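Scrolling down, you'll hit the structures one after another.
Below, chain A partners chain B and then partners chain C, in two separate complexes.
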Partner chain A sequence: MDGNIVGYALHYSGILIEAALILYVARSSHGNRPLSVLPYLSCLLAADLARAYTLREYGLTSRQYSYIYWSTDFLLVISAFFLVCLFFRRACLHQEKMWRFVRLLLAFICLLVVGISGLLFSHNYGNLLTGFIVEFNQNLYFTCLVLNTLLYLLLQQIDSADDQLGLLVCGVGIQFAGPAATLALFHLMTGEGFAQSLAHFTIPLCTIGMLLVWAYAVVHVKDTATQVTRRQIPVLAEVTAHFNIQV
Partner chain B sequence: MILAALILILSTAMFFFYFQVTCQKILRRQFDREYFQSIVNANRLEFPSLRKSLEEFGAPVDYPRLRMMLKCDFLALTYLLKNAANVNQRYSNEERLLILYFRWQFLSLAVRRLLKVGEKKAVLRLTSVLQYFANVVGQRVNTVRFGNLTAADYLLNL
Partner chain C sequence: MKNLVLTFLLALLVVLTCVSIRRMVSGTPSFAGQKPALVAIGCAPVPPLPKPTQ
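Right after this comes the complex of A and B.
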């Protein structure tokens, strides 16, 4: 019972933080608001609300809850992939050549995940929900974790001054890595009570961790990506002015 | 089975990696001036001299004394963080995260000591957390002392 209360408290506080962060980012007039996190945050909030409602109305073992759980999970995984793509775009904001290559790579990876999931699904036909979607979600989820780590390495490689993006990427890393480790442990311990209760707490805790890191990044860290663009304009203007004077 | 074990190891490593990077990014925050000096002098904290001796001279470390120095400074600073010029009398979220990070690094220092690997690095990380805390306390005290006063008001009140 106590465990349930803590679980519910974590779940609902996660929903509250998500809503507060969406409102803050959407309403803030500062230049440093990262709009790229809004689609993922909105999907997270919608998924949490839908799951909470279905759980209360139909119960944990109902077919309705199962449908809602897996379809919202599908939505979340797609939006997570989209989020990582947006972060890549922001990282390559001033490097168009690199972005062209990264864009192709991301499209290829997405197709590869769809292909592999389809192939695995074709070997054991079941219904679409427990077959293809579960397989696809797991594969794309782990791919997002790997892509996020590659993005972090890319930021180090290009010596990015965008601290806000760095923190946003770290938040995503916490959100992806924690549940992946917990679910792997759950799988290894074949669903024992300890692993089950660990998964029950760590997954919402990791989500809250990500939201708090994002909140810190949004509130305290300036978006230097746009500042770099601003800094380039006077240089161009200066050169043009110099050219005009010369002419 | 092997794949699950591999994912468990990789994901756990990535989780701790991201946790550490997040803390280090928070610690990189720039303060408009070095507030920590006044707090260090007023409370006779020892971490700056410890860091200086490690950075400049690479001095051999008396481990029990080092542990005690770090722990005492940590206790003093966390008390100040909570109670000095803090209206809410509680830690902020990033302070909680850094307290957790400090404890994690403190544990890692003991492990590194046993394995005799990278002790200096762990000590420097611990001192950087303490410096951040001292900077936050110093900034708060400074804001409260001069918060609503202009230079003229301050002089008139003397």
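Right after this comes the complex of A and C.
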């Protein structure tokens, strides 16, 4: 019961923070850069509202809630992938050559995740939710986690002057890495009670953590994306030149 | 064409790394007979997966 109360409190707090952040970002007229998080935040709010309604009507263990939860998770991982793509675009704002390479790489990655999840679905044909959607969600989730880490390393490499983007990427890192780390702990502890309860609260806590970091980034950190990077390092230019991409 | 193939191979490497990490972290149905643990996005409580329809 206590766990349920904490779960509901986290759920509704998350909805309130999401709504407040959407309103702030939509109303702030200075700089359009934070608007890139708006589609993802809208999807997050819509998903959480739909889940809250279904949870209240049918309960946690109902089939309806499960279907709504995993279907909206499908929408959320896809929007998270596009958010990471937008962040890559923003990071490569002054490096068109690198962006052409990254764009192609992201397109291939998206196709490959669909293909690999589809292969597993072909072994479990006839069960779309557990056979394909959940499998696809999990694969794309971990892909976003790895891509976000690569993006963070890229920002360090090019010594980006865009501090706001750095914080937004860190927020996404909290969102993705926290549950993955807890899952690893859960697996190592072979599903003991402590790890199980930790895993139960980590997902909403990490989402709220991401929202709070984003709120700080949007409210307090200046948008400096239009400035040129602090110091041009030719290392990545050499890497992209090595690929010599002509798209 | 060569660059396209190289980019595709790099993308394949990234995706296979992600899938491997996922399998290591969350387990597979065949691992010690446990159901795979799941990650998700959002603030709502995570429900159990519905049983597959026969």
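As a convention for this text, the second predicted complex is superposed on the first by the 209 of 247 C-alpha atoms of A that agree within 3 Å, B and C clash if a C-alpha of one lies under 4 Å from a C-alpha of the other, contacts with A are read in each partner's own complex, and residues count from 1 in each chain.
Here, contacts are C-beta pairs under 8 Å (C-beta built on N, C-alpha and C of every residue); 3 or more make two chains touch, one makes a residue touch a chain.
For clarity, every value in this text was computed on a predicted model and none was experimentally measured.
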| item | value |
| --- | --- |
| First, second, both or neither for A:R63, with chain B first and chain C second | second |
| Partner chain in contact with A:F142 - chain B first, chain C second, else both or neither | both |
| Touched partner set for A:Y216, first chain B, second chain C, both or neither | first |
| Chain B versus chain C as contact partner of A:Y53, first or second or both or neither | neither |
| Of chain B and chain C, the chain that contacts the larger number of chain A residues | C |
| First, second, both or neither for A:D163, with chain B first and chain C second | first |
| First (chain B), second (chain C), both or neither touched by A:H187 | both |
| Overlapping contact positions on chain A, where the chain C interface meets the chain B interface | 142, 145, 180, 184, 187 |
| For the chain B and chain A complex, residues of the former touching the latter | 1, 4-5, 7-8, 11-12, 14-15, 17-19, 21-22, 25-26, 28-29, 93-94, 97 |
| For the chain A and chain C complex, residues of the former touching the latter | 4, 7, 10-11, 13-15, 44, 47-48, 51-52, 55, 60-63, 65-67, 69-70, 72-73, 76-77, 80, 101, 104-105, 108-109, 112-113, 116, 124, 126-127, 129-131, 134, 137-139, 141-143, 145-147, 150, 175, 179-180, 183-184, 186-187, 190-191, 199-200, 203-204, 207-208, 243-246 |
| Residue ranges of chain A touching chain B (in the complex, touch as defined) | 142, 145, 149, 152, 163, 166-167, 170-171, 173-174, 176-178, 180-181, 184-185, 187-188, 212-213, 215-216, 220 |
| Chain A-facing residues of chain C, complex | 3-4, 6-8, 10-12, 14-15, 17-19, 21-22, 24-27, 32, 34, 36-50, 52-53 |
